[in-house]
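Let me begin by presenting the structure, written as structure tokens, before commenting on it.
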Amino acid sequence: MRIKAINPNTTQAMTENIGRQANRYTADSTSVTAVSPARGPVSIESYYDDYLAVPGLLEEIMKDDDAYDAFIVACWGDPGLEACREVTEKPVVGIAEASMYVANMLGARWSVATILPRAKHFIEAAVIKTGLSDRCASVRCTDLTVVETEEARDATFEGLLAVSRLAIEEDGAEAICLGCAGMGGLAERLEEELPVPVVDSVGAAAVLAESLVQLGKTTSKVMTYRPPEPKEQKGYDEIYQFRADTPAADD
Amino acid sequence: MRIKAINPNTTQAMTENIGRQANRYTADSTSVTAVSPARGPVSIESYYDDYLAVPGLLEEIMKDDDAYDAFIVACWGDPGLEACREVTEKPVVGIAEASMYVANMLGARWSVATILPRAKHFIEAAVIKTGLSDRCASVRCTDLTVVETEEARDATFEGLLAVSRLAIEEDGAEAICLGCAGMGGLAERLEEELPVPVVDSVGAAAVLAESLVQLGKTTSKVMTYRPPEPKEQKGYDEIYQFRADTPAADD
Amino acid sequence: MRIKAINPNTTQAMTENIGRQANRYTADSTSVTAVSPARGPVSIESYYDDYLAVPGLLEEIMKDDDAYDAFIVACWGDPGLEACREVTEKPVVGIAEASMYVANMLGARWSVATILPRAKHFIEAAVIKTGLSDRCASVRCTDLTVVETEEARDATFEGLLAVSRLAIEEDGAEAICLGCAGMGGLAERLEEELPVPVVDSVGAAAVLAESLVQLGKTTSKVMTYRPPEPKEQKGYDEIYQFRADTPAADD
Amino acid sequence: MRIKAINPNTTQAMTENIGRQANRYTADSTSVTAVSPARGPVSIESYYDDYLAVPGLLEEIMKDDDAYDAFIVACWGDPGLEACREVTEKPVVGIAEASMYVANMLGARWSVATILPRAKHFIEAAVIKTGLSDRCASVRCTDLTVVETEEARDATFEGLLAVSRLAIEEDGAEAICLGCAGMGGLAERLEEELPVPVVDSVGAAAVLAESLVQLGKTTSKVMTYRPPEPKEQKGYDEIYQFRADTPAADD
Amino acid sequence: MRIKAINPNTTQAMTENIGRQANRYTADSTSVTAVSPARGPVSIESYYDDYLAVPGLLEEIMKDDDAYDAFIVACWGDPGLEACREVTEKPVVGIAEASMYVANMLGARWSVATILPRAKHFIEAAVIKTGLSDRCASVRCTDLTVVETEEARDATFEGLLAVSRLAIEEDGAEAICLGCAGMGGLAERLEEELPVPVVDSVGAAAVLAESLVQLGKTTSKVMTYRPPEPKEQKGYDEIYQFRADTPAADD
Amino acid sequence: MRIKAINPNTTQAMTENIGRQANRYTADSTSVTAVSPARGPVSIESYYDDYLAVPGLLEEIMKDDDAYDAFIVACWGDPGLEACREVTEKPVVGIAEASMYVANMLGARWSVATILPRAKHFIEAAVIKTGLSDRCASVRCTDLTVVETEEARDATFEGLLAVSRLAIEEDGAEAICLGCAGMGGLAERLEEELPVPVVDSVGAAAVLAESLVQLGKTTSKVMTYRPPEPKEQKGYDEIYQFRADTPAADD
């Protein structure tokens, strides 16, 4: 099985970490390839970053649609997830939704430990979109930028430890979702200090993408996730152009 | 990896079907054993059946806690799921929640196609408990009893086909969850007739249970799912008795 | 009028207290009989206890269906309430729902003061099931076990007083529901110290059961609460067996 | 026990019916007195009617606060209920909330059968205010004015029968609340034709008011329902004036 | 364009302030006339005050329906707003809803800073009625009476500053709605001290009323806001009487 | 006052219509300039189109931030609205939110009449994001593409008329929002045939943008809508690059 994990930001070190995490949990016969788009922000910390990242993310799916069995969107916020599901029939899994489903099976309520405070609304929007706000005890922010989560591992560990403790003691969290793809590799270390399971979001998405392929399922093309309507996308490369003769899923 | 799938009713033919479905989708290195409790209803179609099934279901987990890596509760309604999570640290996956997570990743909204009308409230309660009622387009009932889903396969197929079409056309469903463990093996056949993905609930639970084991996660023991308090359970066998010297998870 | 109040746990002292409370508030012409099942946990503090209590609770209703005008389920959590409504046409009232309706008529928002923290999710589930989560200011837990509420009356009083004060001052509660059948007899004493009404849950259920009988109402048998479907309940006594020739309500 | 049931409209025939219904279900030792205010609309069918009815309703409580043990607001819509609770410590019960609590104990979901379509939003607002919209299957309107419910009994019966059948068959209602005080006396007649319990709203309020008195409860005066602040109410009679020397509940 | 702003309480100094605020923000060609009813409370701080204010408020609309292009209800709580929409086709704007819409366009979440604590439930009811409770971070009360907000300007300023800071720091508010018509003129002064926009509620209603007139829109008369049904309103002046020959909107 | 209305798609005829509509309702002293980005889809009918439109939309704001007093996002779906609020302090108004606020002030419940069925989920997401799903009676789709709404005016009129009638009769809509910027100019014509107000969404946004400027308000920069963090946006033009020396709002 071949899975493509797309880090929607353009920081290569984070992309490599994502690949390592994803391959660590999947079966030996599964190969996860992690990539970054050629264009887009070096990190996603605002709605602005999110929207500038999506065109590159979509291209990464469209150009390799035939070569993979499933795709992963590796940013907690699941940017552009619905659009990704429009451009391919292959299953697409977001790391936000995947980690929430896993947490939902481990604890009665869970919290998200994530990056700097301005992202709180953005993170909460992902929880609401997935439909699980009643199970979410809190979104707890550290003072970390996305790049710091990748580069300053000890500070990241300490920051996540501190807000996770608050989530458990004050908000009633019974599990923690790590709310950034850059936090890969810290879950087990945090579990040594915390009394609750800690979910690595990239790992969760990797095993769930595997699951969907094992079940032989593809994205529903009957309505919301139909292929894009054929039309001109001015100023975008050829790969972004869907034409009237493109065979639609339900033809 | 060893997974125990517990059919909470006592109909052996259904148990065998559950085992076939679960093993069909999991990896070769995973072995799923399907069992029924010694005591309980021959099918679960009411709250009464649900409650009489749970003691036997719990026993099936408690007596084999060390022998398996994960457990599956194979009744759409996820009966006793919270109690199951109290009696083991191993992951426990319900087929209702598992199929809803899978459907959530395939379509914007989905419906549950299930057994006779009296079960509608019971099925909706499972959707609400999982937290996904906003994503559920409808619960559509057939006139089928649980036993009929197992024995009258053609009638079951026709009944599910009819209500699934209504769910797609009138309720806007973009995917269908088959809402009974007895419906195993019909998903692909329905997909040939319907324009949307159809989720086999037992299959979904099997691959998600595998996923949790691959991630190395265990049930949170910090609060809601702590082991039962030590006390006397009058009139129940020894295996149901938790005693003060039973080591608790957080000791 | 004859009402049977079933304490779903098997602690006789608590059963006697329940009987006293229920008879204290009802009319002279009403007789409330309090009983415990022969089998089940000595207290209900977890989902595990809840599920093991329900078979015995159901038997207490089924064996005396003709002898009583209404039934009370005397555990805050309303365990098995839907199943109880399936096995009889007589009104069945849970002490959780009853105390919430009473509180709803006395204050704009109210809190539940209850037993040990692990029960919080269990108690909240009862609030959600009844449909009144928007009116519930908080669920506040003490460190009390169920048995302690019965045996250590002064500690129970102090614990409830402390958490009720927090609920009033921090959560905006304008009334308090005592969230355990073992707390009977403390409401008035707490009202002497607190500026808000305190609702004895068993008392609330007793007068509401009376009310339903006065109105001449019976449980709806048209759909969710139809009698259990006739089928074999393996390993259960004869009284649990519903047979095809059992006349159903709507025949 | 003495209960005052206030029909907020000024139609005397309806007031008498309300008195009959309330006394029919309560204990022999309970006396319910039904009254109409001197001023206000002859029926309540709009928000306009509702607001013009409330001053007279409040006066009926304030002038007799010492003479009764509880008060009933006898209009489905519970007009001015919060204001009523401010002007007395005695329990005040609305017929909308009371009938919904009763229906909640009889069926998994219930509908309200009521007067002309323009009242639908008004009726739904009462359901939302009580907090029970998730349990309400539908609000079904007839073409009846309030006065017709009182005067044209056969047409009223037929209209309610028709919409109740739709509520049961199309909306899944398992019980019916009669959504107007003018419908008193029709519940049993409708139950002869319908397969579900039908709740007389005035009767429900009467027995619940009795229940609150039996429990010895009074309205919470700690916050929302404190007595009105002392101030001048220009153009209103002396009875409406709360003065600074009026002893407040918590002084 | 002519707009009538009705202060539902009878304190003339507040009425004058409302007129000043409304005219300050509207176009030169718009004239806002602020009035108080002849009867009603000197301030609105409870449900009791609210209900006694509405008849006078309605009269102020009915007597001048032809002379104005739009009406403003100038009390945060939007008392009687639905009834006002029944008695005129001209747009009616409440200051609560208007300030919430404005805040919704300025910040992701916002809080209401308002008068004394007993009004909290009343204010929250306005948020819920408008449909925006998910966007409301908190309702924060001061110790101010309505009259104090008008007379003790410095204390009012300090009180609002303090609770706004708490709303920003503890509740995540990104904008503040001033929750009383008596607070007019303080928004800009507060913005000098606070890092977020502060919305003057009367100003917001004034420009939104202008907007509706510019769009040429009138209140929907098809259902909920139809003119009151013709009937006798006993004890009310002639202006309150709608008669059968009054032409209804849909005739 | 100068307002820039950005049509996020690249169809010039629609842009001109948007300009006409916006200027038609605003004051003479207000000048609305309508533009399209250089790059992006010729129409927005899917999530894919939405995401490819946003970079061009953002550029239109960033390059003219100093030249305008407010901005309008002229696509029902409010694409990228949060990101737009990050890149400017000037008020940004979406036509979806604006038309919903207007409808909320005209009718108790309202529906959105819009383009082809696949957009239903996309349109509903805008309703949910604005927080008004409880007030929305339905989203009713025609078979119209966006371009057809602009070019085939009679078919568009007929299509909107048909679905609006269904919304009024079956869903209880009391007002209609026209759910596409291409529908400008049809509101009054539809009002001639329909018994309810019809809201032109571009017009609604234009007068609300004017309102925010009249109130002197700017977007909150304290948290969610802070300026984008300084970082490299690979492959994007200079105008998209926020650098560390860019003065942030709260510095």
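Just so it is clear, A, B, C, D, E and F label the chains in written order, and each chain counts residues from 1 on its own.
Definition applied: a residue touches a chain if its C-beta (ideal position, glycine included) is under 8 Å from a C-beta of that chain, and two chains touch if they have at least 3 such contacts.
Owing to the predicted nature of the structure, the values given are computational and were not obtained by experimental measurement.
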Compute the centre of every chain as the mean of its C-alpha atoms, then state which one is farthest from the centre of chain B.
E
Angle of rotation relating chain A to chain B [CA atoms, steps of 5 degrees]
180
Based only on mean CA positions, could you tell me how far chain A sits from chain D in angstrom?
52
Per the C-alpha centroid definition, the whole-Å distance linking chain A and chain C comes out as 44
Report the inter-centroid distance (CA atoms only) between chain B and chain C in whole Å.
28
Indicate the residues of chain B shared as contacts by at least two other chains.
82, 108-109, 120-121, 172, 223-224
Which part of chain D faces chain F closely enough to touch in the complex?
120-121
In the complex formed with chain A, which residues of chain E make contact?
108-109, 172
Footprint of chain A on chain F - complex, ascending
10, 38-43, 45-52, 54-56, 58, 80, 82-83, 86-87, 117-118, 120-122, 125, 128-129, 145, 223-224, 226, 228-229, 231-236, 240, 242
How about chain D: which of its residues touch chain C in the complex?
25-27, 82, 91-93, 97, 101-102, 104-109, 130-135, 168, 172, 174-175, 188, 195-197, 199-200, 203-204, 207-208, 210-212, 214-225, 250
